[in-house]
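What follows is a set of structures for review.
In the two complexes that follow, chain A is the common piece, with chain B as its partner first and chain C second.
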Partner chain A sequence: MSDILNLSGSIIGRILLADIVPYLTPFSLALVITILVFTVFLTLSTPEFRAMIQFKKDVVGTSTVEKKEARFRRFMTILCGVALLGVVTTGDLFNFALFVSLVGVTNLGIFAGVKDSHVLNAAFQYGLVIMICSLPLFGGVAITLARTGTLSMGVLAVIPADPLVNISRALLIIGAIGEGALAPFFATKVEMIRAKGAPYINMMHLSSLMVFTRIIEIIFIMG
Partner chain B sequence: MIYPATNSMLYLFLEIITASLFAGLLLGLHRKVIARIQRRPGPPLIQYMLHTLKFFIKELTIPDTSSMPLYVAIALALAGAWVLAFLVGPVLLGPYIIIIMCYAVHKVSEHGIGLATGSPYAKFGSSRAVLSATSEMPLVVAPALVFVRTNSLILQDIINYQIINGSLVNQLPLAALATFILVITKTPFNPFGIVYGKDIISGFKTEHFGVIRGVLMFGETLAFFVLLWCFLVIFFGGVINTPLTILLAMIGVTFILGFICALTPMVAPYHSVMIQWIFALLAIANVLLI
Partner chain C sequence: MIGRIFNSLAKPDKVPKAFAFAIMLVLLVSLVYSYQLNPEQLYTKPAPQVQIEMAQENVDVSYNLAPYNRGGTPLDPEDRGIVKSQYETGNLGWITAYLTPFSQWLRNISYRFGTTILSHPGGILDEILYYTRGLDTILESTILFVAFTIASWVILNRTEKERKDREK
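Let's turn to the complex of A and B:
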């Protein structure tokens, strides 16, 4: 646990569940509060009216997200928030990988309802990336289990890293940045955010950075 | 440590306000330095502070096209994130990883602020915010190197390590340089400020007025203070660890930032990303060399 204490502060609470120990530190508490706040106000927000412009002309009109589409994307936004809560509170590496995959799927869902071929094409590319990146993500988990005999972060924190664990750390990073559409896999994300529906798009950006912040902690813990 | 930790909410509130006002003065000094280099008299030192305060008494207008309550809430989220970072950093000397999280919330907020208005100009700014988020590798690389060296990311532990072993800038000079680049990116008129480029009006803030703009500027002022403080304490903590030395160092670094911002043009968006990645890679090379 010493690495967790040195990284994230003292343990505020934990649920003793064999060697799978979900725990709460000041860092994970800050993440939980941030995700809850964002999920609530993004869910309550109405989509914006996007001003359509043409060069040498004044604003020529506005358009927004249809009600049916908005309802589905709002549901995906809530689901993404729930998956993110799992990502930041879990103390088990396999659960972490599962929740990160769920974040990827819900992000894809947020854009699946958009009726714009550019956005749908980008979402398709992103779907391919998250499918491919699930291999290094779960591969990293499998190698860690095979090498150390545990997936509990509390136990992993006291096991010294060796070359195989370092490989699994690298695989976990690749998996997480792929699922979160982070650099260098962010090209599709830039196309996807052309879609209307600010609250839902914002959730995708939030999920990317929260997954990234959490993976940093996990990589350090596994050291 | 600049501020004593306390349980009094009123005292904490005063700490936040004084930090924001001091950072406002620093940003005023920064503008003055730029002006003097360009042989202009420049605005008075309190100009940035007055500019922020002015918005708190201006009329609040909300575009009809905006996404509500996102339009208001996201601006509060940006300011709230930096208040949290201030409390965790200078006040409590707690986990640095929470400040990294606050920085991530800042980037999400920049994106959301631009999108929530429905304005295409603001959207340009928010798209650049997404692009610039990919370039902030120094934010992650530098703490990783500090953790490898000190085995802790608790700010108090990092300071204690430096008091015993000397400042980290001597051991990780390129990591310090990478973090300094990060401080530059949060300074007005900086060469990497693609989010605020004049070619896109006021970037993501184009459609924000009145008290909401004031809150945004307050958050950005606090962000400058916290990042500058973190840079000084994490890499010069062996020497700069008393309130007076920190304040003097902040003024000194602001002078240097003024020179950099006055003498360098704004780079193109992709170059901005590339340059910041190069500095992050240099920081990694630093560890391999040692």
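Let's turn to the complex of A and C:
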């Protein structure tokens, strides 16, 4: 428990419902407020109008996403916001892995509505990464459970570090990098961001940021 | 050389391969360590196939659940059996194995109930392994349903486009 206190301050509130143990600290409260404000903002905003100019022709105009497509992507954005709330508040390692993979799938969903084939191709590659990184993510959680006998972050913070737990930390961080499309693997992301429909795409950046913040916190808690 | 590697990472179709390679490196490092389970979390299992001998002697019908029975009586907080709660609070571990009437009937007639993954709603593996972890089952199926939604959306768009192309 001391690690949690050192990292993010005293625990403000906690929901005690069997394995559903989300807890709020001043740090995670700030993240929750950011996610809520951002999700509401994205839900209420309308898709962008992108200027379209074809050279050597008399074509100047705007293009935007269809209403049906925008509705689907808005739904996925809201779902991604809900999954992110779970990521930053959960106090259980396995639930964290599940929430992170839900974030990955909904991120993919935001781009699946696009009709450009090069965007869909890049999204397909990102989907492959998401599928691959369920192995390190859940493998890391399983090694932690087998070694320490607990998944609760409050208990894990007290248990001293151990080489096997370090392996599962490495696996967790590589899994989170894949799901959140973080640093070295964002070539797919750049290709996907060329799609139309700006406000919803920002959810992907927010989820990358939140998953990164949370995985660093968890790495410190487990150590 | 380094420049060529970084340039090849910029192509989306190289990314999953690079990612799988990175995971392979970490897993290779992890092979060095020796793996032991935490002894506090292990519970005594009946020996495999013991239920057949026990049942022939009419000892105890709960042995039909082997290797998954942990002793105790279902729904009785006084007689919990061997279940270790991961959290101090809450009602975890009160129910060792809640069986639906169908599962009870199946346990009474079959020796091999514990060794079978039953596909009826609330199969025994679900009931025993998942009872103590409730949210996980909901989250897992949520991920599955979101994936189905995305896949059906993509297929729907494609068939609509094909239909429009044919009408042209």
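In this section, the second predicted complex is superposed on the first by the 210 of 223 C-alpha atoms of A that agree within 3 Å, B and C clash if a C-alpha of one lies under 4 Å from a C-alpha of the other, contacts with A are read in each partner's own complex, and residues count from 1 in each chain.
Here, contacts are C-beta pairs under 8 Å (C-beta built on N, C-alpha and C of every residue); 3 or more make two chains touch, one makes a residue touch a chain.
Just so we're clear, the structure is a prediction, and the values are computed from it rather than from any experiment.
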Chain C versus chain B on the shared chain A, clash or fit after superposition: fit
Which superposed partner A:L128 touches (first chain B, second chain C, both, neither): second
Contacts of A:A112 with chain B and chain C, given as first, second, both or neither: second
Chain B versus chain C as contact partner of A:L209, first or second or both or neither: first
Contacts of A:L42 with chain B and chain C, given as first, second, both or neither: first
Of chain B and chain C, the chain that contacts the larger number of chain A residues: C
Following superposition on chain A: angle at chain A, chain B versus chain C, Cα, nearest 10°: 150
Chain B versus chain C as contact partner of A:I201, first or second or both or neither: first
Least C-alpha distance (whole Å) that remains between chain C and chain B when both complexes are overlaid: 9
Doubly contacted residues of chain A, that is, touched by chain B and again by chain C: 190
Of all residues in chain B, those that touch chain A in their complex: 64-70, 73-74, 77, 81, 84, 88, 94-95, 97-98, 100-101, 104-105, 107-108, 111-112, 115-120, 127, 130-131, 133-135, 140, 143-144, 147-148, 151-154, 157
Chain C contact footprint on chain A (complex, rising order): 16-21, 72, 76, 79, 94-95, 98-99, 101-102, 105-106, 108-109, 112-113, 115, 120-122, 125-126, 128-129, 132-133, 135-136, 143, 146-152, 155, 163-164, 167, 170-171, 174, 178, 184-185, 187-188, 190-191
Partner chain B, residues of chain A touching it in the complex: 6-9, 25-27, 30-31, 34, 37-38, 41-42, 44-51, 53, 62, 182-183, 186, 189-190, 193, 198-199, 201-202, 205-206, 209-210, 212-213, 216-217, 220, 223
Complex contact set, residues of chain C against chain A: 9-16, 18-20, 22-23, 26, 29-30, 33, 35-38, 40-41, 84, 86-87, 89-92, 132-136, 139-140, 142-143, 146-147, 149-150, 153-154, 157, 161
